[in-house]
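Below you will find the structure I want to go over with you.
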Amino acid sequence: MSEKVFYGKGVRRIKEEDPELYESIEDLDKNIWNSKVLDYRTQKLIAIAISATSPESSSFLKQVSKAKKELNITKDEMMDVLKVVLLTSGMMSFNKALQIVNKLYD
Amino acid sequence: MSEKVFYGKGVRRIKEEDPELYESIEDLDKNIWNSKVLDYRTQKLIAIAISATSPESSSFLKQVSKAKKELNITKDEMMDVLKVVLLTSGMMSFNKALQIVNKLYD
Amino acid sequence: MSEKVFYGKGVRRIKEEDPELYESIEDLDKNIWNSKVLDYRTQKLIAIAISATSPESSSFLKQVSKAKKELNITKDEMMDVLKVVLLTSGMMSFNKALQIVNKLYD
Amino acid sequence: MSEKVFYGKGVRRIKEEDPELYESIEDLDKNIWNSKVLDYRTQKLIAIAISATSPESSSFLKQVSKAKKELNITKDEMMDVLKVVLLTSGMMSFNKALQIVNKLYD
Amino acid sequence: MSEKVFYGKGVRRIKEEDPELYESIEDLDKNIWNSKVLDYRTQKLIAIAISATSPESSSFLKQVSKAKKELNITKDEMMDVLKVVLLTSGMMSFNKALQIVNKLYD
Amino acid sequence: MSEKVFYGKGVRRIKEEDPELYESIEDLDKNIWNSKVLDYRTQKLIAIAISATSPESSSFLKQVSKAKKELNITKDEMMDVLKVVLLTSGMMSFNKALQIVNKLYD
């Protein structure tokens, strides 16, 4: 299992510097992905969509890249997500996300 | 089919006042939900998640309300969406969305 | 001249409670609208557009209302602004702004 | 101690519906306010500032209201926070926050 | 005519991969800039202002660059736009936009 | 005194190109940091927190870097700020800020 997409190097350093905080983050993370009905893949697509409409483009890049490698999420799936981004959030968010998706799926 | 959740009264007035703009919105809308792989339900959950992390709370309310009525999306599904909101976007977005979901599913 | 659209009651109270801060806000405000090339009307439309894509819907309402009363900005002008909002920022911002504009121009 | 300003009714319901998620939220929350150097009052002012620049105005209202009651944070302290909001984030965020602060400190 | 500032390479690829979606984007785009009263130059300044206050700085860069080349928008016009950004949205958005404008107009 | 963290090269150029605007920015800036009760250090931590949750990551980098050099703000203080960011605004903002803080304090 490899749900820890938000665990960059930064969070791993917290493990040493503030182990209690680290444990509570890890615990929350586990409970987030421990879904009742939606499957893990759907939750991941949701995280990717949220990230596409947020300004942290490095977070979007990391998530799409992981989703492709570990869950074999296809470009067609990604495009179905980005279409919802286009309608709800406009061309600025769509364009930024599209460039990253095109690059990662080339 | 009733995918036009973003069509409030406002957009319907455009139909009379600027029919060409209206048609192009309708056409885009149709192509958005006309997904290649994801089903309509998943796309809707994605739209709801984006809306939960955006500031337009009236948009979130409308979407959840429609999703419940027309697609029978359950509270457990909604909570699996909100958990991703909590992890990615924090307690402020989560709390606002949670209040609306609790109210609509009471 | 009545450019002080951002001066709600709150800012006026600052005049008594912190006169130096008030003066510096007033001074900045004066220099903002004292444009070199764009006319005041165009700058106002720009402020309205920014406000439409920001989450503070009460600010958008106040600005459109003032622009209508004091500059006689028409609904057609407003709709040309909102169309740019739709393309750049998507249906969520557009819908919220549209509802307010429709109400104020009825 | 009463740091649970983000625990609206919504979060309390999670206690019954998803006790493990609830516990991990509570645990994270405890570790957040368990600061190493900054005192609790300063961390609260920081949470208030973040909330003033975010779109969730109901979150800002709740936090200021709690901070006033439980920590006796004064209007002068609040205004020193809001001044930073004005400089960094502009008149739209400042005005919204100012109205809420003025109301709560009347 | 060259209004397609939002058409990066990404959107052009959609032309091949999803021609119907592409056509509906193109059609919407045409109706956006087909304004009733505002001229194209004013609409462009509005798009630039929205983009300055949004987090997608690459979008802002592209738009200013195009506006300079194709519409001969001057630095003074740009600065009148940025002044409104400063007042409404604060020093963080203003500073980022200012750096890009200074670079492009050197 | 060195409070002018928002004064990048861009703002300094305004001094020559639009001296009146420059003066009003400088004057506002002075009144912002001229706090009534909070000390300068606390106001700076607040500015840093706001900047961590905003999309302008270059602004966050500059502010943390200045705060470290001029006010000797320690990594522990920074982490107490970032914990509040994590709770209120989620893993995306936290991760971005954490990477920058880790780099600057290495």
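To keep things simple, chains are lettered A, B, C, D, E and F as they appear, and every chain counts its residues starting from 1.
Throughout what follows, contacts are C-beta pairs under 8 Å (C-beta built on N, C-alpha and C of every residue); 3 or more make two chains touch, one makes a residue touch a chain.
As the structure is a prediction and not an experimental result, all values here were calculated from the model.
Contact with both chain A and chain B is made by C, D, E, F. Of the two chain pairs shown, C-E and A-F, the one joined by more C-beta contacts is C-E.
Chain C and chain D have Cα centroids lying 28 Å from one another. Chain B has residues 6, 18, 21, 25, 28, 31-32, 51, 54-55, 79, 83, 86-89, 91-93 in contact with two or more other chains.
Those residues of chain C that touch chain E in the complex are listed here as 6, 28-29, 31-33, 35-38, 42-43, 45-47, 49-51, 53-54, 74, 76-77, 79-81, 83-89. Of all residues in chain B, those touching chain F in their complex are 86-93.
By the touch criterion given at the top, residues 6, 8-11, 13-14, 17-18, 21, 25, 51, 54-56, 58-59 of chain A touch chain F in their complex.
On chain D, the positions that touch chain A within their shared complex are 18, 20-21, 23-25, 27-28, 30-32, 34, 36. Across the interface of their complex, chain A is touched by residues 55, 79, 83, 86, 91-93, 95-96, 98-99, 101-102 of chain F.
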